[in-house]
Structure formats: C-alpha cells, structure tokens
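Per-chain residue numbering starts at 1, and chain names A, B, C, D and E are given in the order in which the chains are listed.
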Amino acid sequence: MLDVRALNKVYAGRGDPVEAIADLSFQVSDGELVCVVGPSGAGKTTLLRCLAGLLPATSGDVALAGEPVTGPPQGMAVVLQEYGRSLFPWMTVAQNVELPLKEKGVARGERSRLVGEALEAVGLADVGRSYPWQLSGGMQQRVAIARAAAYEPQVLLMDEPFAAVDAQTRFELEDLVRALWKGLGVTVVFVTHDIDEAIYLGERVLVLSARPTVLLEDVRVDLGAERDQLETRGAPEFARLRTHVYELVQQAKLGVRSLADARLTHAG
Amino acid sequence: MTAAQATAPATAQAATRQATPRRTAWGVVRSVLYAVGLPLVLLAAWWVATADSESPFNPPLSEILATFGPTWFSGDSFADTRFVQDVLPSLGRLLVGYAIALVLGIGLGVLIGAVRPLRELAEPVLEFFRAIPPPVMVPVLMLFLGVGTSMRVFVIATGALWPILLNTVEGVRGLDPVLKDTARAFRFGRWGRVRRLMLPGASPQIVTGARQALSIAIILMVISEMFAARDGLGFSVVQFQRSFAVPEMWSGVIMLGLLGVLLSFVFRVATAAVLAWYHGYLRSQRGGA
Amino acid sequence: MSEGVAGVVEPAPPNAPGGYAARGRRPLAHRAVWLGTAGVVALLVVLQVVPSTGLVNPDYLPPTTEILAALADRVQTPEFWVALGDTLLTWVTGLAISVVAGVVLGVVIGMVPFLREATASTIEFLRPVPSVALIPIAVLLWGTGMQATLLLVVYASFWQVLVQVLAGVQDVDPVASDTARSYRFSVLARVRTLVWPTALPYVMTGLRLGAAVALILTVTGEMLIGTPGIGKLLAVARESGAVPSMYALVVVTGLLGVAVNLLARALEHRALFWHPSVRGEVAA
Amino acid sequence: ACSGGSSGEPEPGASGDGGLTPVTVGVIPIVDVAPIYLGVQEGFFEDEGLDVTLELAQGGAAIVPAVVSGEYQFGFSNVTSLLLGSQQGLPLKVVAPGNLTTGESGKDFAAVVALPDSGIGSAADLAGKTVAVNTLNNIGDTTVRKVVDDAGGDASAVEFVEMGFPDMPAAVESGQVDAAWILEPHLTRALQSGAEPVAWNFAETDPNLLIAAYFTSQQQVSEDPETVDAFTAALEQSLTYAEEHPDETRAVLDSYTEIDPAVKDAMVMPRFTAELDEAQLQLLADLGLEYGMFDEPVDVSALMP
Amino acid sequence: MLDVRALNKVYAGRGDPVEAIADLSFQVSDGELVCVVGPSGAGKTTLLRCLAGLLPATSGDVALAGEPVTGPPQGMAVVLQEYGRSLFPWMTVAQNVELPLKEKGVARGERSRLVGEALEAVGLADVGRSYPWQLSGGMQQRVAIARAAAYEPQVLLMDEPFAAVDAQTRFELEDLVRALWKGLGVTVVFVTHDIDEAIYLGERVLVLSARPTVLLEDVRVDLGAERDQLETRGAPEFARLRTHVYELVQQAKLGVRSLADARLTHAG
C-alpha cells in the first residue's frame, strides 16, 4: 500500500522558496489504479516525484508497503513528464527499453522478449534500432512507456504519459495500461490533464487544488472493472463524473482550496 | 529491412543510393583539402618570411626542412636512426603515460564528480598539485621513482591527468537531471550508473578533455626528458637547443607537431564510435540531413 | 533578490523541521570549507611524516614544519612580495590574453563550419609544441623581460581555452538553437544569448585548466629565462641548494593554484547558477 | 688581454655628459660569477663608466639568444657552450675569462662523487657506470671522459645522464646514479651527506683549465668597442680583486644566492684570473673533437677578442 | 500566402534514410488559421519545421508571400514541440519572452508592456522572475506560447502547444490563439493531436496520413468566425466534423494513404 501522510514540499532553491505541496494525505491500495488531475502547476509532478523517492519531502511521510520511501523503491517504474529527456540519447530505442531490465538482472532471452513485446504494444516494433532523437515526440513518449511496461513493475507512476500522442494511439495506450494493470496487478498512479482519460482509466481520481496543493476531492469512479472506449465513455455515469471533475478542476484553477468552497452546478 | 523501410517509396531510396557514394568520394577529397589547406598557406608564409633570414635562431624554412630528413631518418640502418632510437621510445612512454592518465582521470573524475563530499575534500589538494610546475616536481619525483622510465611516465600521466579529470568532473556534474532521475528511478546499481549514465553522458566532455590531454602529454614528454634522460624526442630537441643546432631544433619542433597531428587523427578515429551518437544527435537536428 | 551565492540563507518555511535546514545552503558551504581544509591538513601531515620515516632523506624533501618555517622567513622579505607581484602580473596578463583570444577565436571558429574544418589540422599541429622549446625564440624576439615569459604563457594556455570553447560552442542545444534561428536572432545576439551561455561551463573548465598552465609557465619562464618573479627566486634557491626555501616557494605556487580554483568556483557559482551542475546542488 | 685603457678615467663616449653607459649582463646564480658581483659592489664598473645590471637566468637557453639579439650586452657561459655556439655560426666573442679550476686534485670546486660502497674507487672504475652530468655533450662529460681515459678506463663505457646539479646529491645517495659530476655548492652538500670524491675531472684535465668565460656578440664588438673595452677592463680588475680577496668573494655570494652558511664556509671556490689563454680554449675544443662533440675542428680564434 | 508544393523530406542521417514526408502540397491564405492533425510520427513536426525554414526540404518548395523559404522568414514565430528545451535556462521567464522582442528592435517600454500582457494572458504574470527550470511542464509550455504571442508575428507556427496544460487552461489558451489570430490577422498553422481542438480552432483541418506523409484530406470547418467553447463544441456540425476527422486519423494510422481508400462510417 502506498501511504502519503501530511506531505509538504517546499522548493528552496534560487529566489523565494516555493511551496508546491501544502498538505496532502491519501492512500493507494495495492493493485489500485489512481489518477491525479489538477490545474497546470498544481504540484502533480512534485507529488509523483516524492512518491517515486526522487525528491525528498520537506515534511510528512511517504510509505510504500509500510516502508518509508527515501529513495526509489524496489519494483517501481516511472514515466517522467519530460519523456524526451528521460531517454538515453546514446542508446537505441531497444537498448533504452532493455537497460532497466539489465539492471534488474533479467536474463538475456527474457529481456529481448520483453523488449520486443513492449515495443510492439506501443506500436514501435520497427524502430528498435533507431536512436531516440530520430523519433517524433509522440514516439519518444511511447518509448518511455514501453520501457516502464517492459520492466513489469509492482508500482507504476506515470506523469502525463500520453500528452504527445494522437487520440487514436492514446486510446490504445490507455487500454494497454489497463491491461497491464489487470494482468500484473500493478499499483498505478497516473497523472493526466485529460479528465476523460482520468475517469476512463482510474478507479479513483484525486483532484488537486492549485499550488500550494491540497487534496480537493478523492473521487471514486464506479464504472466497473471492464471498460471499453466506446461503451464506458458513453455511459451516463461517465458523463456525470466528467462534468463533476471538470468543474472541480475549473474551481481549483480559480483558487478554491476545499470542496466546501467549490461552487458546482450539481450535487457532488 | 524493417517494415518502415519497405513502405518507403523508390524515390527516396534512389535519391540516397546515389547521394551516398558521391558524398563519400567528394568527402574524402574535401577533408584532405581542409587538412592540408591552412598548413600549406602557413608554411608558405613561413618560407617567405624566413627566406633570407640571417638570424641564427630563426633560420630559413628551407634549411629546417633540409635538415629534417637527415636529422631523424639517417643512420646506418633504419634501426639506427634517431627516429627509432629517440622518437619511438618517447612515443612508447607517451602512450603508456597517456593511458594511465585516461584511466585515472576518468575514474577519479567520475568519483569526484558524483560524490560531492569527496570533491570538496580532494579539490584543494588536487588544485595545489596542479599548479606546481613540472620542472620543480620532477626532482621530487626522482626521489621516489628514480630516473628511469617510470618517472617519465609518471610525469606524463600526472600532467595529462588534469584536463581529463576536470572535464570528467564537469561532465558528470552537468548531466541532465532528468536522465539522472531516470537512472535512479530504475535503481541502476552504482556500477550501472557509472557505466550506463555517467560515462556515456559525460563522454562529449571526457573526449574534449582527452583531446586536451593528448597535446599536454606530448609537452610533458619533452619536459620529462629534460631530466636525467639519455634518449627521446624531447631529449633530442633540448640537446639541439643547448648546442645551438637551431635548424635541427626546429626540425624537432616540427616532428612534435607532426606527432600531434598523427595522434590526434588516431584519436579522432578511435573516438568516432564513442561519440557517434552525439554527432548524430547534433546533426540530426541541424538540418536533418 | 538574492543571487546564487553560496552562503545566502533561505528563509525557512514556517513549519520547517530540522531536516530542511540541514539541506540549506550554508551548511553545505561550511562543509566545503571544512572538508577542503581537512584535505589540505591531511596532505601536510603526510608530507611531515614521509621524510621522517626514512623513505626519503629530509635534506632533499624537508618535512612540512621546516618548509613552513622557511616560508615564514620568506614572507618577511620585501623581495618576496615584489616577486609575488611580478609573478601575479605576468600570470594574470598572460591568462587574460589567452582567455580573451581563446574565447573570441573559439566562438568564431566554432560557429563557422568552414573555419572549424580548415583550422583543425593546424590547431592539432601547434598545440603539442612545448613552450619550453620556444624559449630561445621568445628571448630573441621579446628579450628576457616579462614579454618573453608572456609569450610562453600565452602560447601554452591559449590552446587550453580554445579547445574547451570549441567543444562548448558545438554543444549548443539544437532546439534552443532552432528557437534562436526561428526568431531570426542576429549572429551577435546568438553568440551573446545562446552560444556564450552554453559554452560557459566549458569556458570555466578552460579557464581553470588555462590558469594552472599559465601559472606553471609563468614560474617556469621565470626560472629558465630569468624574468623577475617567484620562479626566479625559486631558481636561485635551487641552484644554491637551499631546499626548504625552495619548497616554500613551491608551496606558494601551489597556494596560488588553490586560490584560482576558489575564485573560479565562486565565479562559476555566480555565472552558472542555472546550469544543472550548480543548480542541482543548491536546490532541495 | 687587450685592455689599453687606464682605469680611473671614464672612457666610453656614449654618454658625454658624464652619465654612465647602461650595460646588462646575463649571469647564472652560481658561485662562478662572484667576481662580477664583487666588481659591481666595489665600483670597478662605475669607474669605467658602466652602469651594470646583472640579470639572473638559468642557463644558455636564455642568455645566448639575449646576447645575440643585443638585449644583453654581455653574458656568462661555460667555454664548451661558447665553442658549440661559435661552431654553429653564432657571432660570439669572449671578452674575459670566467673561472678556472684550482688545479689541485682533492681541493677543486668540481668533482665526480660516488657513495663509499659503490665500488668506485677511481676514475677508471667509472667505466660501465651511470654518471650524472648537468648537460650532456658539454664540458662535464668531456672532461670526465678524459680523466677516465687517462686513468686507463674505457671512457666510451661510461653512461652519462642529465640531471640538474641541485638534484645530484639526492640521486647519488639514493643510488639512482652510480656517480655524479658535481659543482659547488652542491659538491659540499654531497660530501656532507656521505658521498666521496672519486675524480677531480677539471683539475686532472689540466691544472689551468678554463671553465667559463664572459662573452659578447660580434655586433657589440664592432658597434661599440669602447664599451666592450671598458667592460673587459673592469672585469679583469674584478677577477684579479676576487682572486686576491677570497673572503670578500665568499661573502658576496650572500647577495645573490641562498647558500647555507655552513656549506658556504666549507666549499672550495674556483680560481679567478684576468689572463685569457687561448690555449685553454683550444684544449677544450680538441677534447670536444676527440669525444665526438664536434664533427670538425672548431676555429677557436673566431671566439677570441 | 504560404504555398507548399510537392514537399518531400527524407532524413538521411545515421542508419537507413527515413522518408518523413512523401509528397505534400497545400496553401494557406494570409490570415487563415489551419490546423494539422495526423497519427503520431506522421511528419507533422517535420512539416512545421520545413514551413519555418528550420529544415531544408529534400525536394519541393515552400514559399511565403511568393518568396521561397530558405531560412526562418521575417515576422514569423514558432512554438516548438520540445517547449522545455526551447527556453533558455540562463534567463528568467520574462527575459525569455522579451528576448525576441529585443532582437526585433522593439523599444524598451513597449517591450515590457508586451511581455507583461503575454505572461498575463497565459496566466503566468507572477513567475516572470523565475527561471524556466523552476516551472512545471505546463508552465514552461505557456512561457513558450507567451513568447510567440508577445512577438506579434504575421505567421505563427505552433506544434502541439497545449499538450502539457490542463483542460481548463487549454480552453483559455485556445481562445487566446483565436483572439490573437483575429486581432492581428495572423496566419496560423497549428499542429495538434486533439481533434476537438483542431476543429474548434481551425478554419481548415489538414489530415495527414502516416509516414511517409501525404495529405489525406483538407477538411473545411464551417463553424463561423465567432466560436465559443460551449456552443461551438455543442453544435451538430462540430460533432459531425469530429467523427469524420477522428475516423480519418484512425484510418491514417492503419496505413490508409488516400481518401478513396478510407473506410468511413458516413459519407465524407
């Protein structure tokens, strides 16, 4: 279980300190798929990095399976928002995907199978031997996704992983994430700007306020375990949730910092 | 080959098929022209400027060139020429010293660049030694290392170390933080981080340092042969200088320069593979061709 | 606004626990001083101990205490300070010439592909020519004053800067470069706003390399040519067999090297606050 | 000796207003040049109308070109180097002797030293050993070769290596070289730390061997002979004075060297004389020819004033 | 007028040459707003860079106002897909926005007005003195947009400029682009993956095939000059166009290379 308690993060570099996260507490059960939405600059990436153990919290705790997270924990994979810069430019696409597997100690044969499957799944089977800088933005992003998928993590953190791909590919990748999640029982935290996507994918959607971030609402998504791009998105419950979350984000952007203050057009 | 390739229409392939050989043939000619163009101009200028030079320390280029062959390549047998007797031993020490500098420089550089407390601890001491002139250092080294090859190799290695070390440190420090985070997130081991992140990531800068170090190694080869030496290219140059054999001395300077050009060519070929990604990356976004 | 200088304390956030302050900048700056000093002290101790172990004869490598005593005597003579001034003057002048020439030529050559290709072989030829081989020429052309030594200094350190700048200019991010092109920045503006900041980390390395080489050549030139300065005192001490006194001067040279490095680091901290190498160390 | 001018009256006409003619002399910070420091101190040069500046440099690499280019009017160098330069066509002229061997074996300012247990008891034993000299193909190795040959050893079997005099005592003591040809004050340092003399190559080559000399350039001689004459005169006076006042000569060392007082008092000073003997130059030229330093005979007279 | 004729672009770097654009011809009239959509890796960025004069075409011509484009033409501004790397890290946000204006020769007072307005418009009025690397991804992207907007270009090329911002901000920025376009009469070429966005913004939508790219269809959008996030998106014509374009992209992704081959669920 991923347990976030009274998390606070202040960036104290050059210039005035910036409080990115004011106070966040929530839990993600094992094998749960939680989406995070919030206005731009809210602190979603900051949160994700704290979860990943890449950024030390200023105060508060993050714990994974009872262990406090001080560095990247075992069995975790991350897709960073800066997908382009997260690929190693001196390696081919296939090598990039393979590298974490090597570090994990996966055997050679198994490695190449995993790499092949992952690249296939994101539609890049034919560019394995290209370098990342020879790919389009969306393709680079898909390489980063393939890398995380091939890793077969127990915890998967993704930061706007589909921002640079076309709508059709996006749908396919969404289904890929759901398949992965179901197949491996991965715990997934998924940051996105696309509210439809958040609802389609998640079992819960965390709506964050603007900076300094607090949790505006933890929205439960009751759309069943089996989802389908056409059907699910057409469901009335989907539409309701979507309007709700959309309005929440809108209010968050306007500076609303608690659900009580939010002026929604409907009953929460 | 790949599916993507198969779909590419004939036009593109035809275009590249004819473009590639033509470009390489012309490319070779072009790079040769580039390589010799400016040197020829400069030599001509030198020739003209010194054509009727009276100054004993600045003899006509014609005279220098005339002494070049006899100085370095005359002897009873080839094995007896100065080239074999002096230049090759020097070259040997140079290469050994340089290799040590590379290993040490990159190794220490990664350590110092990656471990901040270590950098803070070591930097003042290293800077202290870095500033001490080799002519003062060498006698001290002789106390410990004697006057043989090991001392000379040590001088070359320690002198050539700095550009590699500094550049490696800076290269490692300047790595893209997103890449560092990626490596951390996937829990690359210590060695994995070094081998797969730091070394390749810093490689453009490491290669720059190694290039610098190459010429410094040549210079230190000369300096190391100013002390307790019996043979060597540097020794010969210094001997010529001391015995006022000025054209011979100049021919030695030219020999050093040629050595530099030769080594840097070898260096470039050797590093081409290491930096292929970097040049490809830079080129791919500058015009895409 | 606070500049990125080490030692500026960030206002602590209201609910900061101890852990936060520990990551603040001042303790780090303190640590650097503390560790650096520790390193130097360790070195001094080693140098004190080695001669008394019989590994070397203390007559030829005197223990630290003796060197420091000689240094203490030295610094009381006005002659020392004049020599130090001379050395500093030659060094700084030579380094300034090298850096300015290296940067200007490096940027010009680096930005024009034709020049880069056309000069490559010549640069490779000239770089390995040792300055010391040029001493007779330098003396012939410039005499035995500061100028001859300057020639050696500039010749040796110029290449250090040039090669670094060339590499730095090449390293410009293609996307940033495209941005500048798309907004039609003039050549000068591109140099000022794009090429220079990109090359700056390389220039700093070049500066640090060049500074040490320039110092070495300044002292060597003074020793061999007899230009006034620390090197000349060093030569006299050496020829006289005054070993501790000679090492005292070597120590002074080394300390100058450390001083440059401190200066370069401070400069770097100021000029490169935005660079991952520096900002990575100040941000939380 | 061609000094015709009587001392006392300012000679050179360069500055008619009674001012002094500035002259720069390139010297080396070693014992050998004590007389010129003494001469300057005693005012001999001022008396001749010269305002002498002594510039210290480490060796011929800087001094010879500086004299040739006219930046220095005069310089100090060992004789063999002058012969080498002259043979290479440098327009050099000797103006006065610099210093001579004392001529006494056992009490000279130059010797070959070795450790007592090195198995080297005499010059002949040097064959097959490594011997440090400050410069190869110069006065040191030629005279050592000569004494080895004279002692019945095989001079061609001596292995010479180059090393600065200051570094030789340490090198001998640590066994990095078997022996070293070494000059004062480093000779005394070496002896004090346990090395023993095995040959006195200067004294044994010739009791009157001329080691070094003051020189100028041909241009200087032809363009300003008065200054050259005045300089020579003052220098000869200095040399004579130095030879006659050994204590003062020893004392003047403090003004330009940092020799340890204990060493300074113990060491042997070279001999100084005003007599320039062409035969001594010829001797070194012949030795150089014999030991392969020169390919052809050197015209010594070209060097002579 | 922007005139693209028989444009062909082959990347011939390391490895096998990649033909990104097979053959493209189209025109954009002065003051027109054209959106470009197509599957990920289609060649949209390549096209945009050719239009911008940043990339030489392999064959074919690009002409702006009759002049062949050989380098970036006068009065053009570009927002690149790699927004993060297009900002200069050594300059503050405000300096980044101001720099092109300086180069253009705009007077100081005017400059600071333009910078202030542009940052205000993208919702970043308060971070002018921060550095780009202190901003979130979406904020960086908005800086790049502000820079282009402040420049007041005659031609504006944007490559997925809203990929990293939240839905609400996206709507605001869309309206900003339309306002800019109307206010200044700018010619805009806008690459996006969001088909709704393409239709909402554009007067025409160019649908590209997969690589090597050809033009699948040049879709005219008749939604009037005045558009409104709620109304326009609710219009039946919008829904029709959206389905149409969506299906086209889907077909393109499957490898369809001409409209005739496309199997659409409705009459084109």
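What we mean here is this: a contact is a pair of C-beta atoms (placed from the backbone, for glycine too) under 8 Å apart; a residue touches a chain by one contact, two chains touch by 3 or more.
The structure displayed is predicted, hence computed values, not measured ones.
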item	value
Neighbouring chains common to chain B and chain E, by label	A, C
Winner on C-beta contact pairs when C-D is weighed against C-E	C-D
Intercentroid distance (Cα basis), chain D paired with chain A, Å	84
Between chain B and chain D, centroid-to-centroid distance (C-alpha), Å	41
Intercentroid distance (Cα basis), chain E paired with chain A, Å	26
Separation of chain A from chain B, taking each centre as the mean of its C-alpha atoms, in whole Å	47
Junction residues of chain E - those touching two or more other chains	11, 13-14, 18, 49, 82, 85, 129, 131
Of all residues in chain B, the ones touching two or more other chains	2, 4, 57, 143, 176, 226, 241, 246, 280-281, 284-285
Touching two or more other chains - residues of chain D	59, 61, 64-65, 68, 164, 166, 170, 174
Touching residues on chain C, where the partner in the complex is chain E	1, 173, 175-176, 178-179, 181-186, 189, 193-194, 197, 274-275, 279
Interface residues, chain E side, partner chain C - complex	49, 52-54, 71-72, 74, 76-78, 80, 82, 85-91, 99-100, 102-104, 129, 131, 133, 151
Residues of chain B that touch chain C when the two form their complex	31, 34-39, 42, 55, 57-58, 116-117, 120-125, 127-136, 140, 143-144, 162-163, 166-167, 170, 173-177, 204-205, 208, 211-212, 214-215, 218-219, 222-223, 226, 234, 237-238, 241, 246, 249, 252-253, 256-261, 263-265, 281-282, 284-286
Touching residues (chain side chain A, partner chain E) in the complex	11, 13-15, 18, 37-45, 81-82, 84-85, 129-131, 134-139, 142, 160, 163-170, 193-195, 246, 249-250, 253
Chain A contact footprint on chain B (complex, rising order)	2-4, 176, 178-179, 181-182, 184-189, 192, 196-197, 200-201, 203, 277-278, 280-281, 284-285
